[in-house]
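First the structure, which I've put down as structure tokens, then a few questions once you've had a look.
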Amino acid sequence: MLASDSIGKEFVVTCFGESHGRCVGVVVDGCPAGLPISERDIQEEVDKRIPLKPQIVSARREKDVVEVLSGIFDGFTTGAPICTLVWNKEAVSGEYDQIRDVPRPGHADYPARIKYGGFNDYRGGGRFSGRITVAFVMAGAIAKKLLGLFGVEVLAYAVEIGKVKVEKKLTIEEIRRNTYKSPVRCPDLGRAKAMEEEILKAKSEGDSVGGVVECVALKVPVGVGEPIFDSLDADIAKMLFDVPAVKGVEFGAGFKVAQLRGSENNDVYAISGGDIVTLTNNAGGILGGMSSGMPIVVRAAIKPTSSISKEQKSVDLSEMEETLIRVRGRHDPCIVPKAVPVVESAVAVVLAEHMLRAGVIPKVLREKG
Amino acid sequence: MLASDSIGKEFVVTCFGESHGRCVGVVVDGCPAGLPISERDIQEEVDKRIPLKPQIVSARREKDVVEVLSGIFDGFTTGAPICTLVWNKEAVSGEYDQIRDVPRPGHADYPARIKYGGFNDYRGGGRFSGRITVAFVMAGAIAKKLLGLFGVEVLAYAVEIGKVKVEKKLTIEEIRRNTYKSPVRCPDLGRAKAMEEEILKAKSEGDSVGGVVECVALKVPVGVGEPIFDSLDADIAKMLFDVPAVKGVEFGAGFKVAQLRGSENNDVYAISGGDIVTLTNNAGGILGGMSSGMPIVVRAAIKPTSSISKEQKSVDLSEMEETLIRVRGRHDPCIVPKAVPVVESAVAVVLAEHMLRAGVIPKVLREKG
Amino acid sequence: MLASDSIGKEFVVTCFGESHGRCVGVVVDGCPAGLPISERDIQEEVDKRIPLKPQIVSARREKDVVEVLSGIFDGFTTGAPICTLVWNKEAVSGEYDQIRDVPRPGHADYPARIKYGGFNDYRGGGRFSGRITVAFVMAGAIAKKLLGLFGVEVLAYAVEIGKVKVEKKLTIEEIRRNTYKSPVRCPDLGRAKAMEEEILKAKSEGDSVGGVVECVALKVPVGVGEPIFDSLDADIAKMLFDVPAVKGVEFGAGFKVAQLRGSENNDVYAISGGDIVTLTNNAGGILGGMSSGMPIVVRAAIKPTSSISKEQKSVDLSEMEETLIRVRGRHDPCIVPKAVPVVESAVAVVLAEHMLRAGVIPKVLREKG
Amino acid sequence: MLASDSIGKEFVVTCFGESHGRCVGVVVDGCPAGLPISERDIQEEVDKRIPLKPQIVSARREKDVVEVLSGIFDGFTTGAPICTLVWNKEAVSGEYDQIRDVPRPGHADYPARIKYGGFNDYRGGGRFSGRITVAFVMAGAIAKKLLGLFGVEVLAYAVEIGKVKVEKKLTIEEIRRNTYKSPVRCPDLGRAKAMEEEILKAKSEGDSVGGVVECVALKVPVGVGEPIFDSLDADIAKMLFDVPAVKGVEFGAGFKVAQLRGSENNDVYAISGGDIVTLTNNAGGILGGMSSGMPIVVRAAIKPTSSISKEQKSVDLSEMEETLIRVRGRHDPCIVPKAVPVVESAVAVVLAEHMLRAGVIPKVLREKG
């Protein structure tokens, strides 16, 4: 089966649209009736993609304007599927003719051409463009609104760009306050400055850099997540790997667990203020695929932008001969800043799904007054 | 929805059974008719879990004997669902009474108790025991047989245990030859020896160690994997995070991409022997969620065994007071060796799924002579 | 889980929109790349809903204009999801205020209000309006185009309206030629005339009539349909019962089988022109949930339009007292004519799904020249 | 995709096994923890298949003994998947050699052979035998137990066999009291007698008869069922058409709606004892795909047993020549009596699914004391 543009079982997100087609849109199905939400709420999340400094992150010249086509009536969700989209206003497709035959290294061009027999919309990467993540953000806006009703907050931010890492322990307050003050979306404003330089340096060399986005989810109740195969970590990881450019995902201590002893890694239980807590959180808030009640902590490794202006080797597929390619057009020297709200949305969508599945979010939110 | 014991859309794996219940079993649905396979083929894969050195990996005293209950007739799959199981022979459940009220740190005990209202079968971890991965291996045996018909080989092996890492580049020949010669399932036999010592040292201290399992899949054709939401990396990651104890998953250069420049990370194309190849494989064989034709390379971080004999802090849930726990019973000081065939099976199952989805594996394998 | 606006596993149809919202739309996911199709092809199918005689079937004053938002590029499907919609131009919602509290007999008003806590968009029936079947027809247009490539033809037509039934055996030629010549979509033009009268008589009395739509699918290859739970008849029936107003579905001899002997009902095999055929087709082309190679024949019973101008008893839900209701607005005295293309589309969608599942339709239709 | 042995999204039923293989089994996934149930509860439902009069319905000589392999612990469901099966004790497979090449009219033999390339287990019809409906009944036993906790009762019974029909209005009391007193499972004991004669007459002529099974579900709350595509009637119909031999399904007035006026067919609302009711129930308890609060009433047409001892025409597939076949072995002259508990189970499974989906059945049934 080729169909693969839907995710989720209870909070089902179906996306459509291409980079240079008419629009990028999403249908969210399964959101209970009675959630107060407006076009503006969704717009605000989409606006988080607008760069603070255009020299660091490229921007389409015209702002994406969210339109809701269905599922919201009189300021509330109705229980019917919510379709929302942004129109593509300024597609300059001529630029992309080159990639029809010469695949860009690091891009989906080559496998896509083989898979779809050459029929895929190659303009701007088509369905494989980072632009489609607007759909993730629109779905995430709805998910976040729903989670908010139940006290759950999801926060993503950059912790690593190029060689620069956040070393200190970030407080939630800092994350809330600083993330969107920083053009690179890093709440450690000192390191954020160094990250900017890292990006500008790569850019000046016609190159790009990668990074790591971390995401925490607060106040997820205990027992959310469905083992064996729909465990919470598995579903978050699946959604994150569906975000273009993600090459690694880890929870809590992550890859460091390899070197830890059980006695170091196990998070022991204690009672604090009447609640059961763990004194550490190496598990990243997930045990046996279920939330433990501690903050969920996940990190995603983002590769450096594949589109670079440096000349690279490639192959002309129609001639079957080696050639060189220089990717033209406006490209981000680092996609981490744009990836931050996408990662946040991805995690929020999975949490909405699983809080519905666990029955934490009921099927009817309220009765209309 | 609580149902979550099935995975896959075309090669659907449904598992059942508990650590100390009657059996651990699996139903594989969607395998095309005409695949030659026997109970013995599945037994061979399950036997890979038998430790070479019992001081390193614990073993149930009686060997698991695979029984096929349906779906195979006259030496071939019939197209009907294949149910296969192993009976649990030696469950000593008394040992587990302690954990009914005092959750073991690092285990699923606490969230499971909350989630299932106390009705979950807690004996031996019940549904959350590593034992259920026998089901993964039985499903993997069928998947590997199917993939083999189409030239695809999947190989997993340990590359890191505790502080010991494989540093050299392993050849496929070495991996094939050495993995199962080593009690820790590491094809670098020198490092394997050091890994054994790492495990024995932890064990002697009543402690445990973690590690990293790597898996390569060879000769997967270009274009396997279904973007956006069922991308090949996302589905492999989901299945791997469903393996108990996995805390991180990365492909190719993985978390290192954060620090790479685009010009370093991009795998440039070339022609080799008439085929399109990339000169590096930082992508781990996956671009845009589809196979690129290069070997798929994935790594999973395995946490140190949660069950350790050292005393740990915990909480008595019925009394709501802090207490101490010392986990009794026979436990592996390191589960990496047992995780190796499980990771291999998990990857094989996802590849079978996606090669069916892409149409690389046809619906009818052959006509009966 | 509340999400329920998608159907299919390989040819996945997700619909959205409301009667008086902004639009009615559909996303078709899983259609292979390389299918030649245009907005106009879809428009033609939607146009089949336009009545020949407005006194028999009501029409919106402005024609529905199909817009394709994604998934078609340069005249071919790309393999990406196809989103297509019609905008709602003339919603006069004031008319519907009455039904907010007083449910119309025979409509979904009452259970919908309870289910969605009063938040459902009640205007024009909202999500429960027959108007949403435009989405079925748009999806059906794509399905029919795809089926056509593989020689399969799907034809629906009215066989019963009120007390008037088609008694004679219709030929395929007659069906192709006459169905859309008749305002009631009945290829027996004599009986069609009597059906018109049946409708006009009911209308003149402020009442409505029901009917039966039959659908045949020709040249479906043997073995399409997936037992046990996704059998071809089960999936066709599910899709047909999802069409508003359908109250019964039967295949071949249908309910008459109750009174037949096995020796009468069994369709015996013979060889005709080198092919295996059955001499009768009481099975309606389906055996054991799989196509037999004979024409698939299915009938759906359509209830009389619930909206009638005659006064009816109902209950005022806000006051919890009995009251009377007279449904206002423009309503079809019989929805059978409009249901004909919807039934045809529903059957076509299920056949596209199952021909993909059986591998009869390949994953790549062709290579781009 | 070939996988098709699972149904449901919340209450997921996966079945496996063949008529002459080792067993027939089922995995039920998604049943909440805390449901009191035992092997004996399931056995009781399976025992309903045992005929009262063996001259009317054939029986395997050894009784089917239900074994529960997983998911039930200490008398309650645990939240883990429940696997339960019956072993096949007396398979005499030699009898079936004849059908390898000569398909029996009315059976799945011919399409199955084509679909599975000849690899399907043809013995006793294999996967297409009525025997697999034991799996439906075991799943139904769990569903009925779960529904019972929430006051819902499901009752099936024969209303038509051959030319004999129940004409009078049956009371619920009669249905409860008489159905299993009658060898044909018809609560109208007078008509039941005539039905027996109908069966014996057909049998004496080496022939078989069909019939109609009706099923009512009482006290289903308003608003159960998920429009558009998972409507309650659609899902019940899908499950019923998955029962071998069903050729038609209708709700309430069913096919009679074609001839009714809207004013006759609409069920008008009234208040009775403080509840909203309808004065008639032509809708069969379902409006817009959701339960209306009235009894759900559905009927399934069951074809006459395909296996008859009368000689019939067929084709030898290996020789591609016409031939004659006389089906040997022990066969039911009428399968309606055995179909009654299967239909009841099928409806119960769908109701369990949908009451979970609607949130009427919560995720945690109770806390363990």
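By written order: A, B, C and D. Residues from 1 in each chain.
Basically, a contact is a pair of C-beta atoms (placed from the backbone, for glycine too) under 8 Å apart; a residue touches a chain by one contact, two chains touch by 3 or more.
Please read these numbers as outputs of a predicted model, since none were measured by experiment.
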item	value
Selected pair, greater C-beta contact count between B-C and A-B	A-B
Label of the chain whose CA centroid is most distant from the centroid of chain C	B
Rounded Å distance between chain A and chain C, as computed from the means of their C-alpha atoms	38
Chain centre separation in whole Å, for chain B relative to chain A (CA means)	27
Centre-to-centre distance between chain C and chain B (centres being mean Cα positions), rounded to whole Å	46
Residues of chain C engaged with two or more neighbouring chains	1-6, 9-10, 15, 115, 127, 357-358, 363-364
Residue ranges of chain D touching chain A (in the complex, touch as defined)	1, 9, 357-359, 362-364
Complex contact set, residues of chain C against chain D	1-7, 9-10, 13, 15, 103, 105-108, 110-112, 114-115, 127-128, 132, 160-163, 202, 207-212, 222-223, 225-231, 233-235, 237-242, 244, 246-271, 276, 278-279, 283-284, 287-293, 301-308, 310, 312-315, 317, 320-322, 357-358
For the chain C and chain A complex, residues of the former touching the latter	1-6, 8-12, 14-18, 21-23, 25, 27, 29-34, 69-71, 73, 76-83, 85, 115-121, 126-127, 356-357, 363-368
